[in-house]
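Structures are listed in the sections that come next.
Here come two complexes built around subunit A, the first alongside subunit B, the second alongside subunit C.
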Partner chain A sequence: MMIKFLKKYKYLLISLASVAVVLLVWYLLIDVMKMTKSSVFPGLEKTFRTFIAKLTQKKPDGATLGQHLLESLKVCLLGYSIGAVLGIPLGIAMAWNKWCDWLIRPVFDLIRPVPGLAWTPMFILIFGIGIEAKAMVIFVNSFVACIVNTYTGIRQTDELHLWVGDVFGASSWQKLTKIAIPTALPMIFTGLRTALGGSWMALVAAEMLAASKGLGFMIQQARYISRPDLVIVGMLMIGIVGLVLDIILQKIETMVAKGMNAQ
Partner chain B sequence: MSVEQKRKLITCTNIDKSFKVPEGIHQVVSDFSLEARENEFICLFGPGQCGKTTLINLIAGFELPDQGSILVAGKPVTSPGPERGVVFQNISLFPWLTVMGNVEYGLKMAGVPKKERQERAQKYIDLVGLQGFEHAYPVKLSGGMRQRVGIARAYCIEPKVMLMDEPFGALDAQTRYLMQEELQRIWQTEKRTVIFVTNNIEEAIYLADRIIVLSNCPATVKKEYVIGLPRPRQYTSPEFLALRKEIQQ
Partner chain C sequence: MNKKQKNITELICAVVSILTFLILWHIGVKGELGRLMPGPLPVIRMFFATLFGGTIGSRTMIIHILYSLIRVMAGYFLGAAVGVVLGLSMGWSRLVEAVFSPLFRIIRPIPPIAWIPISIIWIGLGEDAKIFLIFLASFCYVTLNAWSGAKNVDPDYLRAARMLGAGKRQLLFTIVLPASIPSIFAGLQVALSSCWATVLAAEMVRSSEGLGWIIIAGMNNNDMVQIMTGILAIGLVGMLLSMIFRKVEARLCQWNKSGS
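On to the complex of A and B.
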């Protein structure tokens, strides 16, 4: 019974153990051995207390942790979904139709190497420091990742599979929707996951440049007033949320792209 | 009814086919003619790269001949079509569909309602001996089982002609024997006109009513053998071995 339980949750248990070790080392070095001053690197206990307090307190940056998180998530998911909704069909179109490819590719290849963050100044000039500028930065990030991966995925379509479609009299549309897109699904999900991770990272960076709320803003403010404990709370939050979002997408992928990975 | 009285289903007349390659023009099929009657099992037997696959692709309609004509059931072949089922050499199952999904695929494309197509697919899944695996994904199946699915998929749209391009070429020797027996059983249950490409002489003698021996590239008919041995044949019977010796020379 016990062994069965251990076997089933082996991976989870090891993951938890690895996190626990890091926390323990942190606790020993800072809280017990007092290797640094807590104004430079705070201990585990203090960080945890700051976390609990920040759940309800608006000091020192004008919003609770939950409000910052919600603001960041809102901007991130907004920009991300628009990027995905536009990027995936465009990637499909470019990979499936050579005219689309010829028309769009030159422009796309030109903007692709520009990192999302490099768009920030331009977007701030155009949209101000509101939600739009940041959402646009995220949009660019997710748009590019979705197009590149979707395109690659569709291009992986096996010619033999298209022949099978021909044998059974599949129309061009059926070959796209019933053969090419299923082939590309794992790559599309890779794109979605890359884009989500990238969006989340770009957002926090954008918030550090221009924002009045959000996790990135909170971290930046905490740095100004020398609150490393709050910086760490913010960083941990970013990490945890990023991880949770990725896990959710992974779960959706295993539900949607069945049979495509050797389980 | 004797074989001669049955109607001709496939007629290939003086086919030429060549491909452009960097070195110039590479002729793969030259002056190939073939007549296949209804429910006849024909093996195209020839060495490695002799253009056998090209012949299958031509009859299937994936490629068009440079010269000559191909008629299937009286109609010229200009593109692939559902009266010609194809079993491919490589694994060509859709990995994102279950066994059932793969087998019923052709019927789905033809717009057959779900209930009917699942019943028909089930019949062929049973025929190839895969009952119980309807909901398995190809990744979980062995090579032999995957080719069974391939055969069921081709059978499911009930084509007049089955084109098989070295379907057992990638299987290990033991599975290959088993699949030859299975294919014979399936074919005897549900007779079709079969064009079966192989480079394995035993396989050809075991399965064929008639063996067309092809010359090396460009492919053309070198010799023809009518195999009259009663089925099921024994790989080690004296008649079998004698035929094998004769054809191999």
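On to the complex of A and C.
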């Protein structure tokens, strides 16, 4: 019985053991043996305590963890949704209409290779360090990713399917909405997910450069005052939020694009 | 419209569109906006003036580009090498997967940029910290793709090889490795552009040379021309990097036509 159980869950147990060993080594080296100063590498216990304390405390950077998180999410989702709302139709138009393609794509190809966060200094100078500059950086990021993926998705439409549409007398508009867009939906969602990941990353960078609130600001401040425990709490928070956002989008994708991913 | 005519129309459209863009930009900054934004001419002039001759900060543009590129390359290849090995062994052996996958899953969602503060505390402000960040950026993507590539090898191939009496070693090197190359290359490509973004962020936060430094120093001196020159260079180098990568990929994975 016991052996059967062990066999069945062998790899799960090894996984758990692996995490446990890392945490244990961390605890032993730092908390028990005090290998380094806690201003360089915080102990496990201290990090955990900081996390709990930061949920309610405003010290040392002027806002609780929840407030930083809300501020970051607000800016990120604002810029992201504007970028997606403008980017997806433009991508569709570029892929569907050759004049749109020929006239817009050269300019777009000029802007595309610049990573979104490289615009940060320029937008800070133009808009100041408020919400607008950061939202603009994120807007550019998600706009570009949405256009690229939507464009590729529509372009992948099988010619044969379009011919079938022609044979049955579909208008250009019907071919677009009934054939091309459904074909492109999985790609559009890939774009939305890449865009969200990129936006979240660009936001953290923008907040480290200029902000007065937000998770990026929090970890940067924590570095200035040598609080690595707070930095690690912030990093894990950033990672978890990014993961949760991605999972939510994945769920929406399976709901909207049901059965379209099968290849 | 035959093919040749089509190409010519397309070319004319491209020229018209870029010219319109530049002219709109040029006219747009004539008025009130001109105090904030420079026109296209000063930017292009500064780019060529500083490319070899004049300096930004204490170095020419080419040297700044080289600084950034060397950082990217060091971290990128290191991360790619470790990532390929780890990813393949995770896809190959369930034991390795069981040990490393939970740790990898914890680290992966943290964007490399979020490591900047802690890397400065741990490693300091020098080159090592930046290379560490770029290492992380490339490592995560490459590991993930090598892992899924090795996991998704068609089991029929494996069974066929086993039936013909292939050893474990042969199975790994003649079947699993070649079959996961397309996926690994996809990872390498994403990793390259992610590394390029990361080096900029790292240089913006702390450095005294490189393209990220150019734009952040431009911001601190309120010098918009310098920022835009920097952005122009960043875009050009980024474009060149991905073009070179595509050429290398086409050369090394000639059999893989499904990509692109």
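Note that in this section the second predicted complex is superposed on the first by the 226 of 263 C-alpha atoms of A that agree within 3 Å, B and C clash if a C-alpha of one lies under 4 Å from a C-alpha of the other, contacts with A are read in each partner's own complex, and residues count from 1 in each chain.
Everything that follows uses one rule, which is that a contact is a pair of C-beta atoms (placed from the backbone, for glycine too) under 8 Å apart; a residue touches a chain by one contact, two chains touch by 3 or more.
Note that the coordinates shown come from a computational prediction; the quantities given were computed from them, not determined experimentally.
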Subunit B versus subunit C on the shared subunit A, clash or fit? fit
Between subunit B and subunit C, point out the one touching more subunit A residues. C
Between subunit B (first) and subunit C (second), which does A:Leu185 come into contact with in this model arrangement: first, second, both, or neither? first
Quick one: is A:Val114 in contact with subunit B, with subunit C, with both, or with neither? Answer first, second, both or neither. second
Go through the superposed model and pick first if A:Gln174 touches only subunit B, second if only subunit C, both, or neither. first
Who does A:Met235 touch here: subunit B (first), subunit C (second), both, or neither? second
Give one of first, second, both or neither to describe whether A:Gly165 is in contact with subunit B, with subunit C, with both, or with none. first
When the two structures are overlaid on chain A, which partner does A:Ala84 contact: first (subunit B), second (subunit C), both, or neither? neither
First, second, both or neither for A:Cys76, with subunit B first and subunit C second: neither
Just to confirm the value: shortest Cα separation between subunit B and subunit C in the superposed three-chain model, in whole Å. 10
Sort out for me which residues of subunit B touch subunit A in the complex. 60-62, 79-82, 84-86, 88, 90, 92, 94-98, 105-106, 109-110, 137-139, 154, 157
Contact footprint of subunit A on subunit C as seen in their complex: 9-10, 13-18, 21, 36-37, 94-95, 97-103, 106-118, 120-122, 193, 196-197, 200-201, 204-205, 212, 215-216, 218-219, 222, 224, 227-228, 230-231, 234-236, 238-239, 242
Within their complex, state which residues of subunit A touch subunit B. 158, 160-161, 163-170, 174, 178-179, 182-183, 185, 257-263
Mind pulling up the subunit A residues that touch subunit C in the complex? 10-12, 14-16, 18-19, 22, 40-41, 99, 102-107, 110-111, 113-122, 124-126, 197, 200-201, 204-205, 208-209, 216, 219-220, 222-223, 226, 228, 231-232, 234-236, 238-240, 242-243, 246
